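Each of the next two complexes has subunit A plus one more chain, namely subunit B in the first and subunit C in the second.
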Partner chain A sequence: MKRAMIRIILLCMLAATLTGCAGGNSDSSTTAPKPVTITIWHDKEDAVADVLQKALDALAPDIAVKLEKKAGLTEALKMVGNDKNAAPDMYWFAHDKLGVYAEMGILAPIGDFIADEELADYIPMTLRAGMYKGTRYQMPLYFETLLFLYNRKYMKDADVPATTEALYGYMKRKTHGGHYGFVEQHSTAYYSAGWLHAFGTEVLNAQGQPHLDDENVINALTYHLKFVELMPDETEYATVNTLFREGMAHATLAGPWLVPTLREAGIDVGVAPMPVVDETGLPLAPYSGVQGLHVLKVHAREKKDAIMKVLTALLEPQIGTDLALVSACAPANGKCYGDERITSDAAGMEMRRTAETAVPMPNLPEMDVMWTVLGNLLTDVNMRGQDVAEAAAQAQRQAAQLIEAMR
Partner chain B sequence: MKLSKRILILLLCTAVLASVCATAVAEEVAPERTIVYAQVPDDWQYPCLWAWADDGTSAFASWPGEQMEPDPANAGWYYAYMPTGMDAVIVNANDGGVQTSDYRIDKQNAWITVTSAEEVTVSFEAQTTGEAPAYTERFTVYAQVDPSWENPGTWAWEDPSGKNAFAAWPGRAMKPNENGWYSARVPVFVNSVIINANNGGVQTADIKELDPADVWITVAADGSYDFTYEDPDMLKAEDITVYAKAPEGWEAPCLWAWSHPDGTNAFQSWPGEPLTFGEDGWYSITVPGWINSVILNANAGTVQTSDLSVEVGRDIYLVVKAADDAVIAYEEPAE
Partner chain C sequence: MTSVQISANAYKRGKGTLVSYLVSAPSLILIAGVVVFPILYTAYISLTNMNVYHWFNYSFVGLVNYARALFVFNSGFLSALGVTVLWTIVNMAAQLIVAYVMAVLLNMPKLRLKNLYRTLLMFPWAMPGYVSILLWKTGMFNSQFGLLNRWMQDLGHASVRWLASDLGAFICCTVVNLWLALPFMIMIMDGALQSVDKSFQESALIDGANWLTRQTAVTLPSIRPIIGPAVIITVFTTFKQFDVVYLLIQQTGAKTGSHLHTILTYAYENAFIASNYGYSSAISVIIFLMLIAFSMLTRTRTKEGV
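Showing the complex of A and B:
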């Protein structure tokens, strides 16, 4: 009886083994696992996109990452961001639009894929930029800030003004005969916001309420006026950059993207910390734009593992370094600053320092309105000579009305 | 205070200073230079050096080349520096009105004695005594003076150090130019000048806080002055007109224009500015003369050409047959 039982058990085990082997052979010869495709929309130049593409190609064959350059990316996301058949899995863009998409409910929290602890080495400002109403929606890659650039032919390193009063004195001495001691886009919201921040104020609070009639906004605009008087009337992007590039201005506020052009033009460019406002003790604090990856909710669940692997791959400092260098920006990952290629880049290192005080562009949907309203306020005050307090009150009313209309 | 505390404070101060001080984006490596000396006849005024390499590279931007400086330590000798690698030179004077033939120097320092335009000797052994004056970059001070101011000169120095550009008052005699302006080259350390005339009998006040850039100073009879860094004779970059023809189905074409590679845009936002359709059958728009790249687009920016490179400062005729088929001309093409 016992022997019979043992024979039966052995026969069953043999049969099971043979069946298992046969099944295994059959699977491996006919159905290899299909790669998961992750589509990332972006608006970057080919040279920049190629760096990320090559880095993420390492995830093949399990994951095939497809970077797709998309014209009108921000509008396209509004149209198809929750369309399973048309939406990408992720998009690569600046942080300042994510509030709109979060409100639309098309974004998945980054925390679903990457724990906050994994981002412990990242520059805090770049992490703040990706937060909306307490949730992180962006995996930061690199960032940019405006820089104080100066022409070393005219402004000696020792003469670089450390304070705004020193800058004003320099402008008074050097603004003659078609040359300017300092030029900036004084009536453009993005370029002038640094003056407001240096007076301890912002145009929107965390709840998306404007406060353009805030006392500190008025103080900042009033103080800024005497600098504006020593600059050309026309201060749009082309005029300011041309003045600096052609050696007609000693110093300016500009983004890192201008530096290669200046070098080509033979300008010996210096980069310096933002001057400190004497009255407040705070430096001019420009806006910062943080570029990074955002995950769309539409495929987030079914492709969770693949998305997690993509985001985990981006924690590698080498990728952050390569992306920052090719895009003339500064890496978001603090570990990148151990790389000599980054530490030897004066513009990048100055952006790293400026990141301590720079203000991420607000990612609140209300900011769309504020760009225009603040721009108009600056024009009214700086170019039309309107009373600062009156103009600020008028701008506040206009902003409140437009924001109310959005809701 | 204990020594260790002092050292600690010193280290901290050094660290803070290092962290806040300004830095150059890229350290320029000073190019190597070659010097050419020349002795010229008395009637060769304001001699200049023109030089080039065998591959056609010119040492200087335009004829007659670099104005030569008198060497204060070697009377009668003038000198000019040029980038190393030049193979041949011409010495000329009187605004290029007289000149030597081409002389090979084969990338070496040279001493050229010009007895006349045809009689020239070139030596590669030093014919002057002492060290050559150090190379210094220079800029030009131009002056337009009242007719009562004869033979104007420039006195130049660095303020407040008091370092002078020239050995003795009244300084460097200024060269008369055909356009009525006088000129003199001064080293880039100069930030203050005086324009004088009548052998120092009349002069301006100190003109201070100058930038090391070409400057045009207008001087009235009483010595009052004004100055500008913009060449009064230079025409501003004038606007240009872009003419375009668009294919069928391209409604309300717009132009997007910019300067490559700095990315300075002519217009605030995409798709740019609409062109106006004219009776001549061309769309047209006026844009700044500095743009060197354009895109023609239509249908609210949903169809467009690729980036098209164009010459700076010239009217453009752009015929677009399809998004990937555009032809640029600088004269109106025949039908």
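Showing the complex of A and C:
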């Protein structure tokens, strides 16, 4: 009895399989050619990804764009970036990793799909960010920079410091009893790099050589120290943002992603230009991160037309505007700044202004180690009280050793 | 016994061995794939120049990476090694003592709600380690919002940067590690205590032994063979601890000012971030050999103790 039942079930399964195959064949003979599928890996929030997905759905039925959220995107690309069966066609990420992937040989130049003239209206900083060794590897969509945010309840618009000395004076007057005039993540590389840039120096030169023992780095860190003394000892992300959100800090340097949260918390938040360093006449120039699309070499040739159409669709200012608004960032396409929704966004417009002086995070592979080395240098100077020149020399040695270890 | 019988027995033994291997084959293949292969592959990569610049076209470079790795083992590494050994000893001693005391208390005859206490003591194990560590960092040790400094202020003292000095960071890391590791050790101790034959305790009691003598002369020798493997496992995991030290004091962007490093956090900061897989693999292999040596030493000591 059991055997008979098993035979019947197996026969049914066989029949269903054969019927399925037959159905598929008859369908393919009558329907249109299958669309080209373009898979894009990303790590964005669903709301942000939905905007791009909806915009690119307009390319159907010829092109089916599939956005896939990928945990550990950067490592996953290292593992399968050249695997035809596993790699995506494109990925959507910040520009700062593209040097690593370009050196690995998994990226296709954007110039193979979009002519530079098409990008003429884009903000120059966003275009510089996507260049590596003279080749463009990123189609920019939107960008972020740090902003000088202040709480209008404590700092009136007229009191917003235009220079760092004015800021220092404000901090001395207002820092007492658990309140701080100004807080920042003073010992974190990303947040403090603006002080170095304002002294006309960078942590890496264009050839990927560190110069942390540079005189201007030492001057910048020494000058920065007096501000640090008026800030809390611990300055990681959670502490600084909580102090500002709880009204215990009057002003801060923070990313645009914080602004919606602050407004939800009922804070009347103002956005001001970065203060100018009195000694150098240059404003604090924070790092900027440019988000955009990158094409992987693995499918670039066989799907060239489809990739070209996707990138061309992204030139449309409407998409840049929608993406910038939903991600609380600023559009890379200059044409978007004709849209009233963008011009009425104070944070976005301030980022646009800061873009004139902001420094794109270096996309050189060497930067991977510099984040840690610069963080150590800032910690040694700001939190351990180590002599600036001595700490800088030590950091320079560590940077040189780690960069040597990369090869 | 004739030669025919001897060869027949040998054939049966051979057949039995073959069957044993065949039956064990799935497990052996699984272990080979999950444990042995990654180790061998790491050893292979350590002999190549696989890095960002030679990702797909890497080649065999011999022992070059091992020679370079020796530069990492400078005074900083030796200091981290010393800290790691001290860290392992202090944590093991603290875990054994606290877990033993807790297990003895849990096995007191007149204690009520034992199962509730056992469940509560397992609670740290149920929480993801990452979450626990960050909760300790911000909820307890943070100088602005942490509970410890709230208490200090209530007592009229100034705020303390608990994680800023090396000693303070070591103590705080030990406390957090104890919180995370105690459930396992308490569970083992509790089970071991329940397995001790009560008649031994009663005999000792009749012979006039006090509580301390009963513990040292009866209970501890009885449970030693049971807790031995748990101690070895814990020594191993404590020696190669990374999460607690890194997340509490050395996380990029959230450093506290302490220079405390274990060998793994030191190797991470001085080699692994370079994305040179050949070089990092060489360091991993050397640390792996150190762990094996440390484990064998511990195992020998434990056996001698039994």
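Just so it is clear, the second predicted complex is superposed on the first by the 376 of 407 C-alpha atoms of A that agree within 3 Å, B and C clash if a C-alpha of one lies under 4 Å from a C-alpha of the other, contacts with A are read in each partner's own complex, and residues count from 1 in each chain.
Throughout what follows, a residue touches a chain if its C-beta (ideal position, glycine included) is under 8 Å from a C-beta of that chain, and two chains touch if they have at least 3 such contacts.
Source: prediction; values computed, not measured.
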Q. Do subunit B and subunit C fit side by side on subunit A after the overlay, or clash?
A. clash
Q) Thinking of the overlay built on chain A, is A:Trp371 touched by subunit B (first), by subunit C (second), by both, or by neither? A) second
Q | subunit B versus subunit C as contact partner of A:Glu390, first or second or both or neither | A | neither
Q: Quick one: classify A:Glu215 as touching subunit B (first), subunit C (second), both or neither.
A: neither
Q: For A:Arg407, decide between first (touching subunit B), second (touching subunit C), both and neither.
A: second
Q) Of the partners subunit B and subunit C, which touch A:Tyr237 in the superposed model: first, second, both, neither? A) both
Q: Answer with first, second, both or neither: which of subunit B and subunit C does A:Glu75 touch in the superposed model?
A: neither
**Q.** Interface residues of subunit A shared between complexes with subunit B and subunit C
**A.** 236-238, 242
(Q) With touch defined as at the start, can you tell me which subunit B residues reach subunit A in the complex? (A) 19-26, 28, 188, 209, 211-213, 215, 226-230, 259, 261-266, 268, 288, 290
Q: Spell out the part of subunit C that touches subunit A in their complex, as residue ranges.
A: 51-53, 55-56, 68, 71, 138, 142-145, 161, 164, 251-257, 259, 269-271, 273-276, 279
Q: Going by the contact rule at the top, pick out the subunit A residues touching subunit B in the complex.
A: 149-150, 152-154, 157, 160, 162, 173-174, 176-179, 236-238, 241-242, 245, 247-248, 250, 257-264, 268-273, 346-347, 349-350, 353
Q: Going by the contact rule at the top, pick out the subunit A residues touching subunit C in the complex.
A: 78, 82, 100, 103-105, 185, 187-190, 232-234, 236-239, 242-243, 365, 368-369, 371-372, 375-376, 379, 383-384, 398, 401-403, 405-407
